[in-house]
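Both of the next two complexes hold chain A, though its partner changes from chain B to chain C.
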Partner chain A sequence: MSTTTETEIPLRQRVAENPQPALIWAAVGAVLIGVELGAILQVVGAVAGVVVNLIPGDPGASAVQSLQAAFDAIPTLVSRDVIPNQGYWDGTGYENTFLGLSPAVAWAIRVVFVYAYAFAVLAWAWNGYKRFRRHYRRVDWTPRDDVVNRFRGHSWGKFGLIIVITFVVMAVFAPALGPTTMEQNILQPYDYEVSYWSEDTQSVETVLVGEANLGSGSQGAGDENVAPMTYDDFGRFHPFGTATNGKDLFTQVVFGARISLTIAVVAMGIAGLIGLGLAMITAYYKGLADLATVLVSDSIQALPVIMVLILMLVIFQNTWVRELYDGAVLIILIFSIVYWPFIWRSIRGPALQVSEQDWIDAAKSFGQTPTQVMRKHMAPYVFSYMLIYASLSLGGIIISVAGLSYLGLGITAPTPEWGRLIANGQQYVASPSWHISLVPGLLITLVVTGLNAFGDGIRDAIDPQADTGDEAAATGGGA
Partner chain B sequence: MSTTSTEEERSTEARGDTILEVNDLKTYYEDGGFLGSNPVKAVDGVSFDIQRGETLGLVGESGCGKSTLGRTLMRLEEATAGEVKLNGTDITTLSGSDLKQFRKDVQMVFQDPDSSLNERMTVGEIVREPLDVHDWKTPSERRERVRELLETVGLQEQHYYRYPHQFSGGQRQRIGIARALALEPEFIILDEPVSALDVSVQAKILNLLEDLQNEFGLTYLFIAHDLAVVRHICDRVAVMYLGNMMEIGPADEMFDQPANPYTHALLSSIPEPDPTIERDRITLRGTPPSPRDPPAGCPFSTRCPVKIRPSAYRDMDTDLWERIEVFREVLRERSRADPSLSDRVRKLLGRESHRAGMDEIIPELFGELDVPSDVMSHIREAADYAENDDEDAARAYLREEFGSVCDHERPDQLSVGNRGRLSLCHRHEPEYEEPAAVFETLVQ
Partner chain C sequence: MSRWQYFLRRVLMSIPVVIFGTTITFALIRLGPLDPVSAILGTQYNPQAAEQIRTNLGLNQPLWSQYLDFMYELFTFQLGQSWVIAPGTTAYELIEIYAPRTIWLGFWSVVIALFVGIPLGFYAGLNPNTPSDYAASFGGIVWRAMPNFWLAIMLVTALSQLGTWTNGLFTWQTWIVRTNVVTPPALGFFQSPVEQFLADPGGWTESFIRATKQIAPAALVLGSASMGNEMRIGRTAVLETINSNYVETARAKGVSGRSLVWKHIFRNALIPLVPIITGEAFLLLGGSVFVETVFAINGLGWLFFNAAINGDLPLIGTLMFIFILILVGTNILQDFLYTIIDPRVGYDG
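Up next is the complex of A and B:
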């Protein structure tokens, strides 16, 4: 039959036969990636740095450093250099800002640019998937298409996804988003200077950033407050105002997003993998394996999470583990250990259910190995459930990390963290400096809501009956 | 009909080339949860063999153990005792590469085509998986083979890249059959392969199975609860009840002249396809006993309509005898059901148990009958035991008094006729009347 040859063609050949859609897509991709190549290479350099850091003796550390420096030098489109906002008023106009615009406008343009670029990349990726589906995929329908289509029709889930993307972009592009940099404003303020227009002398003067910070803290009183969307006395624009010590709040918030999201995602990823792996084993072998896991997970779940965290952090207070990445590694480890039983519990039901399907017996009957049965015939059905529960509990981790930092445990200063910002501004919530606590607090609420909405969206997408009947609501609650 | 004991006769009898031989196979489950509780005796000592190229039907009510038997033959359940010889090798103890080879030789087609195909895989991947597992030739030859198989079972090769969701039940079952054929097995277990399908599709699938059998010289074990289907496709039929094989023999002979009382009952429960033929219905009373606690004698003895009576009661009125059997059944049910907590509290308080008292049951059962006084005294004796919540003693008493060889001794598989038919019933022993003859008298 004629179809015999058609179905055998490898992807490359299918593309070659109808190259236009793929070429257009690739060309757009090349442009999008090209303008940010420097940033991408910087990420590669950073990852290399982490790897080198983890290897004892730090072999090749200097090579990696020179590599990083080289990558840093490559100009990128979405960067501080292209759209600078840290300029000053010289009496007649703005110096050193983008097109001579005010620092606030220049900063706003850069933020819009960053988000426009990020969403363009996502749109490009989505378009690539659609092109593949339309022009090159061998099957014209897969069960996953239905899930994707159902999610696309789920406004609440899409809202959640957009919120989540917004925060991820915030974390990824943190260095480009801040009106100032971590290095200048937060970590080494006494190594840098800023120029500003002095009303008293009617001339441009310079001051150390550290000193400028001292004069622009938000401590409640009327003249000691830099509110959101205002300039301080040194002509610096603060989208979210300043913290008590005069450091820029927005910069701290976007870098805080990095820390919070990284901890939450990595910890949840590890917990999810452990939970999924154990769910496969316990559902396949049942009996003793299941019983042992129930015992272990029950014991872990019986412990109050926050207590364990505090205890562990205190125990490891002065050890090298506590030092790694400002304490993030230790927090991630603890959260993974504390959270896997929750994930395992949540997906145990679906895992057992799929293990009862006849196709498992069929696979066993022709001699498929247990690992393959779990991987091919069970895991795909349980994975999406894991995703739901992982996204629903990510928020919990973010809140817990903030809580720990609030208590002075979590992430060590000066690395910015939302919880510590909240603690920092707590005594001023009823004063004009309310923004210090409120802004990070609102952001936490927003990202947690977004994650929950996203989780709901996935659940309804994989389980279309779930949003119609109470019976399904009961499953969702009980599972 | 001739009735002789048969153990040797069966093994010496040459009926051709035996592919599968099952000897005293037992599969018990210990999954009761409570330590020390009786295991479920799903398959309780079954022996039979299957000849190369034939189709053996395995029938019985749901829960009789036929599926467990099939799964044990597939090594999806572990046998508790006994042996299963495939081409002379006992497969219950295989492991490693021998087990893998066995997995190639024996395949299974499952009942529910919705559940037996992984719906996240394409049809091609599904049918190909057995070939991948056994590293069959090269990947491109495997793809070629899958396409051939799809054609063989009546699908099209462009279905390779479709998902099971896109097919009807009958087509999905064809996919399952293609998967079972992939490794060129010699023996296929068909676990109710058509019972989940529309009647209109059933015949097509059955025809396909027959064609495949002729084409590839396959041997089938056809598990079914639908006797009409079995009659259509099977050479021989085995009837299971409560983990035991009650009767096995050539299909036509068995359908025309059932030997075993259980087969009689089972056959009379199916509607006669030809409405002009009058068949007398025998309705079975009660439900099968729990496979955790099967009867000591014949597995069918609690429900058998033609159970042998002890000589003292052979002339007793049929209705009365029937009621005594019902009474025993009631006691059996009661001893199976745990007394409820409130019953226990009542007993501790010295009050009467709330369960239907014997003073209600006895008049209900025996009220309108003319019961001889000696029989009545036995009944009262048993009722007294039961009244004191000692059903076991009551049952033992009745068993002693009214029990016969059917209650005490497990019957052997006795040969019936001269075409290798075996039936598990004392009535084939020379000193008793044949079941068929007794049924005759019953339905008059």
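Up next is the complex of A and C:
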């Protein structure tokens, strides 16, 4: 080891010595973030709005509102305003659409644009990591490099990663991806109007969105069906067709992706925190703490998960928790409570192993507090095992949430959910309106396959000798 | 510690688990925000009837005595009765009616999953990295990722439409014996099988086939997740065994291919499949709610779901207790199988 690598030069100084790669990277980043600054600020504004709402008395609500209005006014590259698709035919050409193209083409361009932007951002982030590794990192090699390299050589895992990214982008950019907005088409259809070309009168007419929806539902044969990739009678384009009530299926699907992803990730995050925390405590103190946790987790694991979910959703049906985010908050809480024992189980062994290491003794004898020892010397070694288990469990949660919503217990209207869409189209599977049930089901299959593949990739990358026995339990909620 | 002592310790450990699990159920039902009495009465709430039920269920006793009563009754198998979905019927009668259908469904879904999943997985493991391996593996993964309820809907539709699609050449309903696609299986032939069989062998066989055909699509769906798991684990297990030293040795000794596969590879590859197979109990219980709902098989899952949405909390408590017993029993069975099959497993667990 040379002396330069051993001396602690702060990162800032290392960048100052060789600024070019960092500058190029930062400049590209500034452009990428700059074109979407409005959207980022809008998210900040929305979060601020929620926070203000939670504080009693709503202090500064008006300030936040004016701030939100200001943020909304900032133009962003990937938005509905830049590439609008909700125009109409006026007899000679399309009005109010992007470059006068047909709504279908304008929508397709926007989708391509959104994905191009998202992948550009990811490529930029990846490039940043590579630049850091090449130019600024103090050491030439860390064990994590091997993990990254193993994952890069894992085509099945990369296939999963691409599907997961596609799904996440769908959830994040949901408002920009839909051919219409949630507000207009699903929440308040009677507050908005659309213009359309009427064949009867040979002129442009306007109609309330709600009434247009009534006339474009998919309920089986003939006139009562708006198939995928077609226009309805009011000149509106529906990439996935319409649901039985005439609302746009694609818009519901992308917002459904949002709620599925939120529930899966947040629930797994909370369960992971509980599991990790308990694993640290039980591995550090052992004895009674361990025995008590074994007992509690075994008991929770002995309960049939789906049945407990159903029971808890019924018991909490008329409470305020059930109302939050149309039930998502309650579902997240239930999943965290039900899933932490599985996480704890999967990392208990590695945690116990780490706690036996010499460096733990050394840290203790140096007078470090138990919390420090757990956080700095134990948790990092166990974290990767938790990551493996969590990534393999996400698919199971998505399926379970869809299943509960299918039964009418999960996410309630108006928030769209894939399982509810499947239930919505159940009677029409054999009719021309097959798309209502088929599309969300295929998407769930695809996303869960992708998540499992991604999890496999992570497992093989982090722990090439991994035992394959545990994961079966991870993937099954049984829905 | 000998392995039987270890096994005994696991069995003893399951007693507090059952008690604790039942306590959680009690807490949910009695301490949750849903009042059992108003859930039972629903819209027909009147104070007199409420008081009546409250006394009957012992709800005006102090909480600790309610808890002791609840536990005592369950653990002595006084399972109470239904209050909403079949008022006055005892839980025993309900279970006697509904459980056989679920058991029949569970039995076939385990069998189908085993007899499709394991051979496919072993085949893929014995021919690794061939196109047929990739096809089988990928198929298994996608099959496992499909939500049961959706798969069930699609299968029901496909089976109902088969006649239309094939222009009447093949219809599921008339294939071998006449059945409906969506129906509870007729299990009358199980009442006293030997006598019935002796009295009318042909008729008995036909009703057996009919009941099997009625349950087959649902069992296929319910077993889908386990089938995928078994395939995967089976494949990995075979791959690991095939590369192990004792198989090399046996091969070097000149053991024939067939005997190598059956005696040395197959048996050892079965070990990691044990938890997958016993773990099916969890998948089956949870999945039964969805599959039974779509296929209109009124079994235990269906009973639980309906008891839940109709607020029949006393019945739910009983059913939950039974499910816990089933699952804990399966875990003990798993430990037992491990103890027999693999003497190396888990002394320090």
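The criterion applied here is as follows: the second predicted complex is superposed on the first by the 454 of 479 C-alpha atoms of A that agree within 3 Å, B and C clash if a C-alpha of one lies under 4 Å from a C-alpha of the other, contacts with A are read in each partner's own complex, and residues count from 1 in each chain.
Operating definition for what follows: a residue touches a chain if its C-beta (ideal position, glycine included) is under 8 Å from a C-beta of that chain, and two chains touch if they have at least 3 such contacts.
The structure presented is a predicted model; accordingly, all values stated were derived computationally and were not measured.
Contacts of A:Ala302 after superposition: chain C is touched, whereas chain B is not reached.
When both complexes are overlaid on chain A, the residue A:Asp361 reaches chain B alone and has no touch with chain C.
After overlaying the two complexes on the shared chain, residue contacts for A:His377 are found with chain B alone; chain C is out of touch. In the superposition on chain A, no contact is made by A:Phe132 with either chain B or chain C. When the two structures are aligned on the shared chain, A:Asn452 is found in touch with chain C, with no touch to chain B.
With both complexes superposed, C is the one of chain B and chain C in contact with more chain A residues.
Taken together, the chain A residues at the contact with chain B in this complex read 1, 3-4, 7-8, 138-144, 357-359, 361-369, 372, 376-377, 380-381.
Against chain A, the residues of chain C that register as touching in their complex are 13-14, 16-18, 20-21, 24-25, 28-29, 32-34, 141-142, 144-151, 153-154, 157, 160-161, 225, 229, 232-233, 236, 272, 275-276, 279, 282-287, 289-290, 293, 304-305, 308-309, 311, 316, 319-320, 323-324, 327-328, 331. Across the complex, chain C is touched by residues 294-296, 298-300, 302-308, 310-312, 314-319, 395, 399, 402-403, 406-409, 419, 422, 426, 429-430, 437-438, 440-441, 444-446, 448-449, 452-453, 468-469, 472-473, 475-479 of chain A.
Of all the residues in chain B, the ones that touch chain A in their complex are 71, 74, 76, 99-100, 103-104, 106-108, 110-112, 115-122, 129-130, 133-134, 140, 143, 147, 157-158, 160-163, 165-166, 176, 179, 182-183.
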